[in-house]
Each structure stands twice: as C-alpha cells, then as structure tokens.
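Listed next: structures, encoded as structure tokens.
Both complexes below contain chain A, partnered by chain B and then by chain C.
Coming up: the complex of A and B.
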C-alpha cells in the first residue's frame, strides 16, 4: 500500500501534465464553437433569391435529394474574408464541378448583386437572409462559414472562417473526398 | 476607505452596462424581465465570455430578438432556452448542463476537495496517534521501579 501511495504524486503530475500539454497545443483553437449540426439533418429554412440577381433562391428542400454532396457557403458583400475565399469556392464549383449554394447573410441586395458582378457568381442557388434568421438556424457565429451537406440533406462538415490557405483548403478538400463529392485522385 | 469603495463601485457601473437597445425591448415589463433572465444564461457565440445582453455583436442582437420573439409567442423561459440550445448546442449556455459529457467538469472539483481533505485528515490523525517517544515502556517502568526499590532497600540497611 505504501509503495502504491509513493507513486501517487507521479500519477498526479502525469495527469496534470497531460492536461497542460493538451491545453497548450498550438493547433487547438479554444475559440472554436463546436457545431451541433454535424451528422444532423440540415435545418429548416426557406430563402427568397437576392433581388436583382438571376440565381434562384434556396431552401432546405434544395439540399435533399441532390446527386452528390454539395457545398453551402454563408457569405456577405460586407465581409472581407469572403472576398478572399471567393476564388477557392469558384474553383471548387467550376473546376471540380461541385454544386455550390450560397446564403447571402444580412446583406443589402444591391451590394450583393454588385459584389457578385465584380467577383463572378459561382453559386447555383443563393438565398437572401436579410434578417439573419436562417443564419441562426444554421448556428453560425459569423461569416464566412461553409458547410458540406450530403445528398440526403445531412450536414457533414462545417468550416468557420474563410476557406483560404493550404491547411484550410486541404482539410476542406479532404472532407469533400470523404463526402464523395470529389475523387481522391483530384485531391 | 469608504471613499475608495465608492470610487470602485462607480467604476464598475459602466462595466455592467447592457447592450440591449431600446428598440429591442418589449413593452410589457414582465416579459422583458423574463427575456433578460433568459439572456443572462446565453453566451454570445462571437465574444464567448459575455452573455448576449452585454454584447454588441450582431449575432448576440439577433439572439436577443429571438428570445423575445419566443417569449411573446408564449414559450416558457426553459422552452426559449431550449430553442436556442437546439441550434447552438450546450456551448451557448453560460452554465454548463449536467450530463454524461460534463460529469468530470461538475464532479472533479468537489472530488478533489474531498480527496485533499481526506489526505489532510489522515496525516493529522497519524501524527496524533504516534506514541510519545519520551514515555517509557512497561519493561523500563518495571526496571526503574526495581531500581528505586533496591535503592530504598539499601538505605534501610
């Protein structure tokens, strides 16, 4: 018994040390808000198209029964990082042929239309979420956020912030491969 | 000293200022008070360590409006809270709920306290029980008695 007790301080040190190691890991982002949506059916929402943009509107029914997994991007013309990730999303839609849907979050339709004219419009559908209510249904904390939704309307992946940079794009493409929207050879 | 306290108190007042804007407030003071009660338990998902009542973030404002909308629609406080929790998860609650994932969080501190008290008590008890090394053993007592007896016997001669 005495001998076991002698190891107790070591055990305590190991447990605490392990916890500190986990806490100090630079890859861990304590600000990350975990999503409750992962592996859940996409929330219910129904959005009108952006006024002045040809692209049709977006609702939950558009996410169910698609051929392959789709990307749902929440963006706004006033959001600077959205501008940065626009090229990445455009490439995924046009080069890799993945269906890209958009939610235009709390944006003036004219601003959104101008933004899409200037940068190009890779979206197959865009819903105009002026009140931000659809954003709450999706549990977003800000823009941009990007989701991967499977063909039966299940949310598979969520990326908070712009999909830019090697690491983020790599992770996102890997998630697309796992969702079956992208071939592994194209990774 | 009192003056210092008054100063500190005065400095703390602006900190407690709410971000709730007049146009968000409900006309019915009872419902508004309930909305405040619910908001107090909701975390702003942008600024993380603020409740939504004290945050100026856009999402916090949306959540405040949503809470009021649910309350006006006839939800109880718990239902309004559950509505938002269904969308943002347990994370949105400032006070973590008690469930299998949070047992460690809730029970580790009292468990550690009990363990520390146990160790402390055991140490104290052991220290008290330890026989006094200055006291003599029975054999020694006996020997001394013998010695004294012998001495007395010797004097009497």
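Coming up: the complex of A and C.
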C-alpha cells in the first residue's frame, strides 16, 4: 500500500506531462475564443444608413428570410486591415454573387462615404454604427470582423481580423460552402 | 566585446555545472573528501561566472548597445536609467539569466554558509543543484542566448513594454525568482536525502532556513506583483486569478505547507517522507510556473512571447527533474521509517490539518488553472476558468484553516489538553463574535461570507496575540518580568506570532476591498462632479504632458469632503510611441481606512473628445492597505524566524523538552 501511494505523485506528474505535451502543439492557439454567437440567432439591432451614401440601412430584419446565407462585415474607414480585405469581399459579392451587408463601426459618415467612393461599394446594405452599440451586440473584439448569417438569421461563422491571405480566404470560402452560399465547385 | 565575454562566461559556467553534477556525487559515494569538497569551488565559480554574464548583459542595457538583439528589442535610448537596468530581466532571455543567477546564488550560499552540513549531504545537494543549472544553462545557450548580436544594428530600440516600466514591476521579478528558484535548493536537499536514503531531524533543521528565505522572497515577489497590478492596470483589483498569478501562488501555498511540515520533521522526527514530497512538489510547481509563462500553454495577460519550441525544451527539463525526482521518491520513500507518534489532538495533528488544507487548496488552484487545457484536450471545448471558480472553492477551504490557525499554536506536542486550551481561548472567541456583530450593525449589509471572514480574521488576530501574551505571561506577572520573558522567547516564536497576525491583518484588507468596494465608471465633462463614499470628486479637465519616452493625457480631479478640500488627483493615460502602446497611471489617495482610486480611459467618443469628456473610473477600496501591511508582517515574521539562533549555530540535539511553554512554535 505504502509503495503504491509513493508511486502516485509520479503517476499524476506523468499524466500532467502528457497534457502539456499535447498543449504545446504549435497549431493550437489558446487565445482563440470562439464567438458565443455561433449557432445562435443574430442579435437585435437597427442601424440608419450612412449619411451621404445611397445604400440603405441595416437591421436584424434584413438578415432574416434571405434566399441564401449572407455575409455581414464590420468595417471602418480608419481601419487599415479593412482596406486590405476590401478586394476579397468585393470579389465575393460581385463575382460569386453573395449578398454582403456592412456595419460601419464608429466612423464619421463623410469619411466612410469617401472611403466607399475611393474603393468601391460592394455592400447591399450598410448600417451606420457611430455609437458602437451594434458592435457590442455582435460582441466584436475589433475591426474588421466578418460573420456568415444563414437565411433564417442564425450566425454560422465568425472571422476575427481581415479575410486576407490564402489560409483565411480558404477557410472563409469553405464556411460559405457549408452555409450553402457557395457551390463546392466554386471553391 | 562585453556581450562576448558574457556569452563566454555562460559557457564556462555550463562546463563547471557539468563537473559539479558528477564529481561531488562520486566523491560522496566513495567517501573521497577532496572530490566532495570540489563542489565548493565549482558552485562559487558558477555564481561568479553567471554573475559576470548578468553584469555584461546589464552593461549592454545601460549603455544601450543595440548591436545586441535583446537590448534592441527591449530597450530604448530615451528610457529612464532605472528601467534600462530593469530591462535586463524584462525579456524572456534576460529573465532566464536572472533565474540561473539566483540558482547559482543559492548553490554558492549552501557552500559558503552550510559549514555545519555533513560533507556527503552537502556534496550530493550541490550536485543536484548543478543538474538543475546544467539544464537551464544549456536551455539558455542553445535556445535563448541573451547575447545574440544583430547586424546592422538598429538606430534605436523597440522599448520595453510600457506596462513593465514601473518601480513595482522592476523589483517584482528579482524577488519572485528568489522565491521560485530558492525552492530549488530545498529540492536539491530533498533529492540528496533520497539518494542517501536518510532523513532525520538534523536534515530538517538544515533545510529550514533555506525554505524560510525562499518563502519570504516569494511572498515579497507576489505582493509586489499584486501591488503593481493594483495601481498600474487601472482596474483597482489586486488579484485576478490569472494563470500566471496562480502559478506563482501555488509554490507559495505548498511552500507554506512545507515550512510547517518541516517543523514536525525537525522537532518530532515525523512526517519525513511527506516533507520530502512537499519539497519536491514545491519546486516542481515553480518549474511548472516557468514552463507555463514561457510556453504559451495557457491564455494569460502577462506571459512572455509564445514559443512552443522553447516550451518543448522546458517540458523536457521538467520531465527529467520532476519525473526523475518523483521516481526516486517512489523508490526510496517507502523505506523511510515513521517517526514519533502523536494523538489526534496535538501540535502534530494541528500541523497535519494545516498541511492537508494547504495541499488541497494548492490542488484546487492547480486544477482550476489547468482545467481549460484538460477540457480542450479531451473534448475540444474552450473555456476559461476565472475568479468565480476560485472564489467559490478556494475561500471556503481557507476559512477553516484560519480557524485552526488560531488554536494550533496553543497545542503541545504529542498530546494536547483540549479542555485547557479551550479554557484559554473561549473569551477570545467571544470577543471576536462581539466585534463582528458590532461591525455588522454599523455596516448594515455586505455578504454573509464577508462577515464570517471578518469573524475569523478577528479570531486569528486575537488568538495569536493571546498565545503570545500567554508565553510571556503578560498581565500575570509584573510588566518588567513579562518584558524579560519576551526577550528570552526564541525569535522563531515571535516570528510565528508576527506572521500569523500578519495574515489576519491582510485578511481585513482582502475582505474590505472586495466586499465593500464602491466603483463608479462615468463619462465626465470638465466641471462635473461625482460623489463617491463621502467624497466629492470634480473633474477639471485633461491636459497633454510629455515624459521622457511617452506622451500623457493627464486629468485633474479635485477631491473634497463636505466642502473641505482633501487632495488633487492626477490620473494619466500614457502613450508610448516607440512601443506603440498605452498604459494607465492611476492616481490614488491612500489612507489606512481606504484608498480613493481614480483612472481615466480614452474619451467617451469622438464627439465627446472635442468637448473634453472622458471616461473616468473612480473606486473606493476600504482597508486595502491592510493587505500590504499584513504582507509586510508576514515577511518580517519570516525574517525574525530566520534570525533565530537555533537556525544559525550548533548542531541540532535530538532530545529536548516538549512542554507547550518551552517549545517554540514557528
């Protein structure tokens, strides 16, 4: 009995070591926290259009009853990575024909209008979130963030940071296929 | 040239560590005195060489030698001198060098001051210490060389993370490491004892001062870190149950258990294999801390740059040291004969309860800290375990400990007279209950747990003082006689009183600042006034000021009470352009009754910025300074106990009187 007890600490240490070894896997990112919104209904929000931009405003009702899944992108003119991902989103909207909605986060309307004129406006609807209130509802941790929302208004996917680069774009397109917004052949 | 000298010194120290790992050990097993004593020269040599390397790195920081990668990425020519020096241990590589420096410091310390330790035990202990330094020196030389050069050198450095540019945090790592790494020598003593297959009262006595020294430093390190978090992070909290905090707290908890179980081994020759196990586990938890902080295994706000490859190397070192020592333990511990027997009500039993509770509490913190990792490994689910878990498990576990702590010192060895003890403390218990009820009446409200904690803290304080008064027979005999008794009382005894009372005092701080904290987060425009805890705080506005390597928005807050001016607070929001990050400098008006704490965050919105409106956080934290005061008592208590002549002179004697009054309790 005493012998077995004396072995116990070693045994526990070995088990811990096994977990640590697993935890060191370089692909694992302990900071990556999945959104609590995934598989949940999209939060309630109602945003006015951006002043000086023709595109209509955005509210939760626009996300429900769509034909297929849509993309919701949170952007701002002051955000440099948003500029980087703009071309990717434009291509998804214009080449693949996916409906793209935008939340213009904590942005001056005239800056946003200038930005959209300069880079082009791929958004079907844009809500102006000057106060950042809708951003809180969506639980964003920064700009840009991009969500995929199903036709019944359920949040399917969340991407934190710009959708740029082979890996991020690949994952995002795969998620779009899963959501039924994109055909697998188009991958 | 200097960095190369440092690098070379490290390599030489590595060579010495290799020699010291083997030669004294062979000497001890073959009885060759000269071989055993070689450890003296090599351990002092290691200290000098690692010290030289540390000095070389520090010099590179002081003169801002940006040809050294480590300096370029962690310093800046405009940084104040204190933080240039502190930058030496601000990075992964530099702090590792400090780690090894302290490791060799303790090794050399045993060589220099351990003249009463028998040669074979000393030789084995130093050999084990050299195994550890071999491991960490090789880790540094092969994966984390602090002296790597860069060409072409950058014009200026990237600056130290501004959050770390602070006096509290400049001193925090050295103390923390003195504690963490200080337990290495206790570990080495334990492994040496297992190698020898002998643990006795004398062993415990040699180990105790080192345990105490490490424990004191660790206490100071944790408190400094907590104090830093309190005033620098701008949230007004002093403990967040963050994984990195927890990994420093676990060795402290277990080290405290070790401190107490070693007393039993020393006085009663009991708990031997348990004390050895605690010694091994305490240092194992320190190593675990080093591993967690440097491998990116868990999410934390203050870990070093994540590098899984380094993590793998440390895990390998961990497997060798922890796995090896525990395997040795599994093999040798059952052979140790049990020591003195004791009754369920006795000093031994009291200390056993202390050990069980501290051990269980350590296990709880360990489980809570690593649970996210376990869960993710098993189910793939990601969660974080925060304060609610620890508050719900740890606090209820510690409260009984406090209850027992009040009685423990009254108990005599082997068999205590419970009725007699209760007779001595019943009015202390009554006084605590009355005091708590009065406070409850005055405060009206607050959680029940807080009132219960107040009761226990009062009990601990009064019972500790009562025990001390009883020892010197205060009020029973003339005052001059009591004073004479106090002088004759062993310092270890005074140390215990001070440390136990210190915990009680700190508890008042813990309770007051968490249960009765008042907090306001408001948008303020210049001229607006907030009322909090009887103060009126008027926001005068924000101005832009310039520091040596930062800009700051400094707010001005006029504080009055009943129209009478109390003070002016200047909370700052600093921006460090080189490091591209911001820090909060809170402003605190500190009194023993409580702190008025203010910090400003960025403007409420862009419109608000134009009108000069800011987000202001104001807190009132009652009794918070009792935390620092009580912690100081803990450290001073340790120092008093360490200065006891019993630990300094003479070889221990095996027989002694065991009455409650003549035996000092630590």
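The rule is short, and it goes like this: the second predicted complex is superposed on the first by the 168 of 187 C-alpha atoms of A that agree within 3 Å, B and C clash if a C-alpha of one lies under 4 Å from a C-alpha of the other, contacts with A are read in each partner's own complex, and residues count from 1 in each chain.
In the analysis below, contacts are C-beta pairs under 8 Å (C-beta built on N, C-alpha and C of every residue); 3 or more make two chains touch, one makes a residue touch a chain.
For clarity, every value in this text was computed on a predicted model and none was experimentally measured.
Once the two complexes are overlaid on the shared chain, A:142 sits against chain B while remaining clear of chain C.
Judged by the touch definition given at the top, the superposed model places A:108 against chain C, while chain B stays out of reach. Touched residues of chain A were counted for both chain B and chain C, and C has more of them.
When both complexes are overlaid on chain A, the residue A:21 reaches chain C alone and has no touch with chain B.
Shared-chain residue A:43: touches chain B; no touch with chain C.
The contact surfaces that chain B and chain C form on chain A in the two complexes overlap at residues 31, 33-34, 106, 131-132. Partner chain A is touched in their complex by these residues of chain C: 273, 277, 280-281, 284, 291, 295-299, 308, 311-312, 315, 318-319, 322-323, 326-327, 329-331, 333-334, 370, 372-374, 376-377, 382, 384, 605-606. Listing the residues of chain A that touch chain C in their complex gives 2-3, 6-7, 9-10, 13-14, 16-17, 19-26, 28, 30-34, 106, 108, 130-132.
Those residues of chain B lying in contact with chain A across their complex are 45-46, 48, 58-59, 62-63, 66, 86-89, 91.
Against chain B, the residues of chain A that register as touching in their complex are 31, 33-36, 43, 106, 131-133, 135-142.
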